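Across the two complexes that follow, chain A remains constant while its partner is chain B and subsequently chain C.
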Partner chain A sequence: MAGAFLRRLGQTVFVLFGISVLVFAVFFATPGADPSARIAGRGASPETLAAVRHEYGFDRSMPVQYAMLMKKLFITRDLASFVDRGERVIPEVLHAAPVTMSLVGGAAVIWVFASVLMGTLAAATRGSLLDRVLMIAGLIGISLPVFWLGEVVNLFTQSRLHHSWAFSWVPGLGYVPFSTSPIGWFKALVLPWCTLAVLFVGIYGRVLRADLVATMQEDFIRTARAKGLSPARVLLRHGLRTSMVTFVSLFGLDFAQLVGGGALLTEVVFGLQGVGRLTYQALANLDLPLVMATVMYSAVFVVLANALVDILYAVLDPRVRDGR
Partner chain B sequence: MDAEAVLDVRDLRVGFGRGVDLVDGVSFSIAPREILGLVGESGSGKSLTSLAIMGLIPAPGRVGGQIGFRGTELLALSEAERRALRGRRIAMIFQDPMSALTPVYRIGWQIAEQIRAHLDLSRRPTETRVLDLLSAMGIADPRRVASAYPHQLSGGLRQRAMIAMALSCDPDLLIADEPTTALDVTVQAQILELILRLRDEFASAVLLITHDLGVVAQIADRVAVMYCGRIAERGPREAMFGAHARVHPYTAGLLGSIPRLHGPRVARLAAIPGSPPNAALRPPGCAFSPRCAHASARCDTPPPIVPLGDAHEIACILPAVAAEPDHV
Partner chain C sequence: MMPLDATILSPSRLALRRLRRDPSALAAIAVLALVTLACLAAGLYARHVAHTDPFTSDVAAAITLHGQLTDIMQPNDNPLHLGLTPIGPTWSVQYLLGSDPQGRDVAARLLYGGRNSLLISASASLLCIAMAAVVGILAGYFGGFVDAALSRMMDIMWAIPVYLFAISLSIVTVAQDLHLGPITIASDNLILPIVIIAIVYVPYAARPIRGRVLSLRHAEFVTVARSLGVREARILLRDILPNVAPTLIVLAPLVMALAMLAESALSFLSIGVQAPAASWGTIINDGQGLIYTRPMVAIAPGLAIVVTVLALNVLGDSLRDALDAREGDR
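Moving on to the complex of A and B:
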């Protein structure tokens, strides 16, 4: 177990190294994307360019540049933006991360509970009207673009019906830190949570239903019935428990990519200064240090989430534990 | 038939939706501590019969006729009442013990789950009972097996654990659906011996469902042969496997297709021509008549079940035609 853990950790470090080299190569070593030209501004003289190049270390060899960047990113943590001179990159990411984590964490709680409920109900009443209604609702949820849904939510709760009793509690767009006001944090995020969760409730509910329907045809379900267990126990303890394996692997990947910046559209629509938005701005300005920082942050999350999924896998399925 | 019987199935009919009856008027009974071998090819309706007795026919299935269990008519019971019997007084084991055990739970937990569902036992006595049951199955280290997951055990051990689970609440009737088919030959013999021994220790009657006449000849007290959803023949084992037994032409065909260890070697094993018909295409008369060497025009009406000897009955007009069937 400890050996497997260490091996996993080694893999994680290796993957992160690979990603950092790749990102560095794309942004710093691509011909035509000379960062010093951007920093120096339009029509700068060759002397200015050379000065900038020397100041930022772009005249050094690639491995040295890479090492300097990594040192500034991870050890001294004083990597500064190229665009807003003097603005440090790491605090910016650390400032955006709680926003994204609050958004995605809350949405994940909603989508896990709602989709388990939806998938289980639909599988239990397979072929009934409820099953069909739930599955169509899921399909609609998947089809609604999140930016459109967010704008519609805003239209009603921020302007049209904002003064009605139903939505007068909705605060203006933006983020309220949990430490400032837990209630304000909840109020500010509950609509973004639901909006972001809709797509995933649809996907997960449908996937879980299909998986559960297949599982309920298995021999061990027949055995559980033959044991005289109640239908609810057969469905939940034997059916759902076995189906959770697929669900968890799907969840780990989606959760990681959202925390890593994939919730960009939701963040933009609801005015949340999260990691997705930060990455977008960094790319739009070609602010290479910021790009580097956000991509590394995102990679750390995806890789960590994958490691976590593997561990959860082993917890959920004893066959994985034994390497079978 | 008799009130003494553990199980008394009469005119059982099982079908799905508007289709024909896949089990068509099956009757048999099992006395206490008796092992009844229910034999038939795949598709003959023997597994459906067992599921009907368990009350596990899935929707849109329909079950008709009578299933008397210790004087109670099962088909008249509510689903909750049947569930209380299931696993408690009628237990079942299945063919493939790998897929028949939930992969994510330990063996001990799965056995304890059944005990907890039916008996009011606290944790400690339940644990003790699980270990006692496993050792009663001839398992040397019950503690290890109880804490193992299904995939960590061999097929034989899994089937023993499965039987331990089925017997955990001392059922009156154990239904074993092809319990040895998925096992190695040596393990098969061990499991059959175990079932024989347990019949005495746990005082359970056994309905042994199999396609293997060898298994039946080894341990069954009585035998019922099914063909295409109907009973073709039923009687004591000796009456069917003796040297000069007179049997239903279908049983004769089955027996003729088994290679013999003794006596002159046959040049070529006999096989029954054709294949068992789909129940939907069943001929109006005797279902076996299209494949039967003795078929005549009289086989176009369904044959009644007629006595052939001591408690030995066959669904064939043949004994009235020729006293000696074409079988050694």
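Moving on to the complex of A and C:
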């Protein structure tokens, strides 16, 4: 097991290095585009351009530039926004992180419960009308652009039906910190949670159903049935448990991607000042350092989360644990 | 049980027959054909029905509605009537779905925007699958170092959230024109979103292709071909590629659905299709500020996206069932 662990660690380090090179290349070595002009933003003065060129060392060789950037990102952590020179990028990202965590965490709870319910119900009633309706609903969920769904939700809950009994509790757009008011936090986030969860309920519900249907045809399920266990027990204790493997590994990746900024569109539509919203604001004035930093951080987060999931597997799976 | 007459049909004929008997596949194809035709008719609609130029702003325009001359920009509903709001859906030939903040006909822009959304997502899907096929086939067939190198590369790309990856590539190219030697690509060229979206979904499409090739590599007919001394290139083209084709065909509509959602997101963030051109995403962006007063501006293009993407996903599912013998015969 120690060998496998070390190999995984080596792989993780390699992938992290690869990502940093890739992100660096996207922002600074895209052929045909001058990086200093982009960092300085639209319509920058020649003095600013010269300052940028000097500060980033664009006259130096690529490996040196790469090393300097990594130092600014991870060691001295003083990469500055070029639109607002006093603004340090990394504290900004860290400041926005709790908002994103609140959004993604709540959405994840919803999508896990809803999709397990949906997938299990559909698999249990395979071929029935309910199964078909649930699967079509899942497909619709996958086909909705999340930013549009969010706007439609806003239209009804903030405007059209805001004065009806159903949505009069909905607060205005924006984030309320949990420490200020737990109830306000919940009220402000419950609609964004549901909006963000819709896509994933669709994906996970469909994946789980397909997995469950396949698992239920395995030999050990027949054995369980032959032992005289009730159908519900066979489905939940034996079938669902096995099918959760794909589900969990999918979850690790998606959760990490969202925390890393994948929830950008939801944050923008609901006015939540999270990491994604930070990226969005940086987009408006082409503030490259901010975008680059968020991309780099999110990728690092994804890789570490994946490695963690793998190690958890190794600990949980008896075949790996006992070195069989 | 396989029906008896099925045994004498070629796999592709069999798949086509299954598809013809699948009502949801037929419905999806009909929807896609309808949407495409409507968008192709954008010019006809704008010129001969709505009598409007959907690419120039005209906030002073007025139309005749129910026999009365009506301004496109109307006073707000607030007590003092301060500010102007574009006209809402008229449900008649001109400004059927209302006007956007610049006085342009939303219905006409919806059709023109659809052209770009369809063009970008379809081209991105084809390009993405072509690149993924090269990666997947090379990795799956040659294995060893080639596989390790390509697979790690895909891992690295896949670790960056797709939308963030696309945003990064877009922000780099949208700021200024790209100069590649003698070629200059303008920052509003549609090639950019097409290539960007294609690149970010390559890992998604390459994985199943590699898996399929991996199982083909040790198939008997490939081993036989190799033992007969057939050249590698010929094996790849004549034996592997035709057998990977079903995987590619199934992927095409699914990747196009993802590409359409990605395109709309990029355009919504104003780093996709650039003004004055439109796509469904840019129109939703135009309607963002009007969402409470003139919601139709944002709702209509969103519905167009949902309907098209749903049809593509249904088609992909049906194709998978039709082309996968194990599923289809059950």
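Miscellaneous remarks
The definition used in the following text is that the second predicted complex is superposed on the first by the 257 of 324 C-alpha atoms of A that agree within 3 Å, B and C clash if a C-alpha of one lies under 4 Å from a C-alpha of the other, contacts with A are read in each partner's own complex, and residues count from 1 in each chain.
Here is the rule we go by: contacts are C-beta pairs under 8 Å (C-beta built on N, C-alpha and C of every residue); 3 or more make two chains touch, one makes a residue touch a chain.
Source: prediction; values computed, not measured.
By the touch criterion defined above, A:F14 reaches chain C but does not reach chain B.
In the superposition on chain A, A:L103 makes contact with neither chain B nor chain C. Looking at the shared chain after the overlay, A:A224 reaches chain B, while chain C stays out of its contact range. By the touch criterion defined above, A:L191 lies against neither chain B nor chain C after alignment on the C-alpha atoms of chain A.
Contacts of A:P145 after superposition on the shared chain: chain C is touched, whereas chain B is not. Common to the chain B and chain C contact sets on chain A is no residue at all.
Residue ranges on chain B touching chain A, taken from their complex, read 54, 56, 83-88, 91-92, 94, 96, 99-104, 113-114, 117-118, 149, 151-152, 162, 165.
Interface residues of chain C facing chain A in the complex, by the touch rule stated above, are 152-153, 155-157, 159-165, 167-169, 171-176, 178-181, 185, 257, 261, 264-265, 268-271, 281, 284, 288, 291-292, 295, 298-299, 302, 305-306, 309-310, 313-314, 317.
Across the complex, chain C is touched by residues 14-15, 18-19, 22-23, 26-27, 30-34, 37-38, 42, 139-140, 142-145, 147-149, 151-152, 154-155, 158-159, 257-258, 260-262, 264-265, 268, 279-280, 283, 286, 288, 291-292, 294-295, 298-299, 302-303, 306 of chain A. The part of chain A that touches chain B in the complex is made up of residues 218-220, 222-230, 233, 238, 241-242, 316-319, 322, 324.
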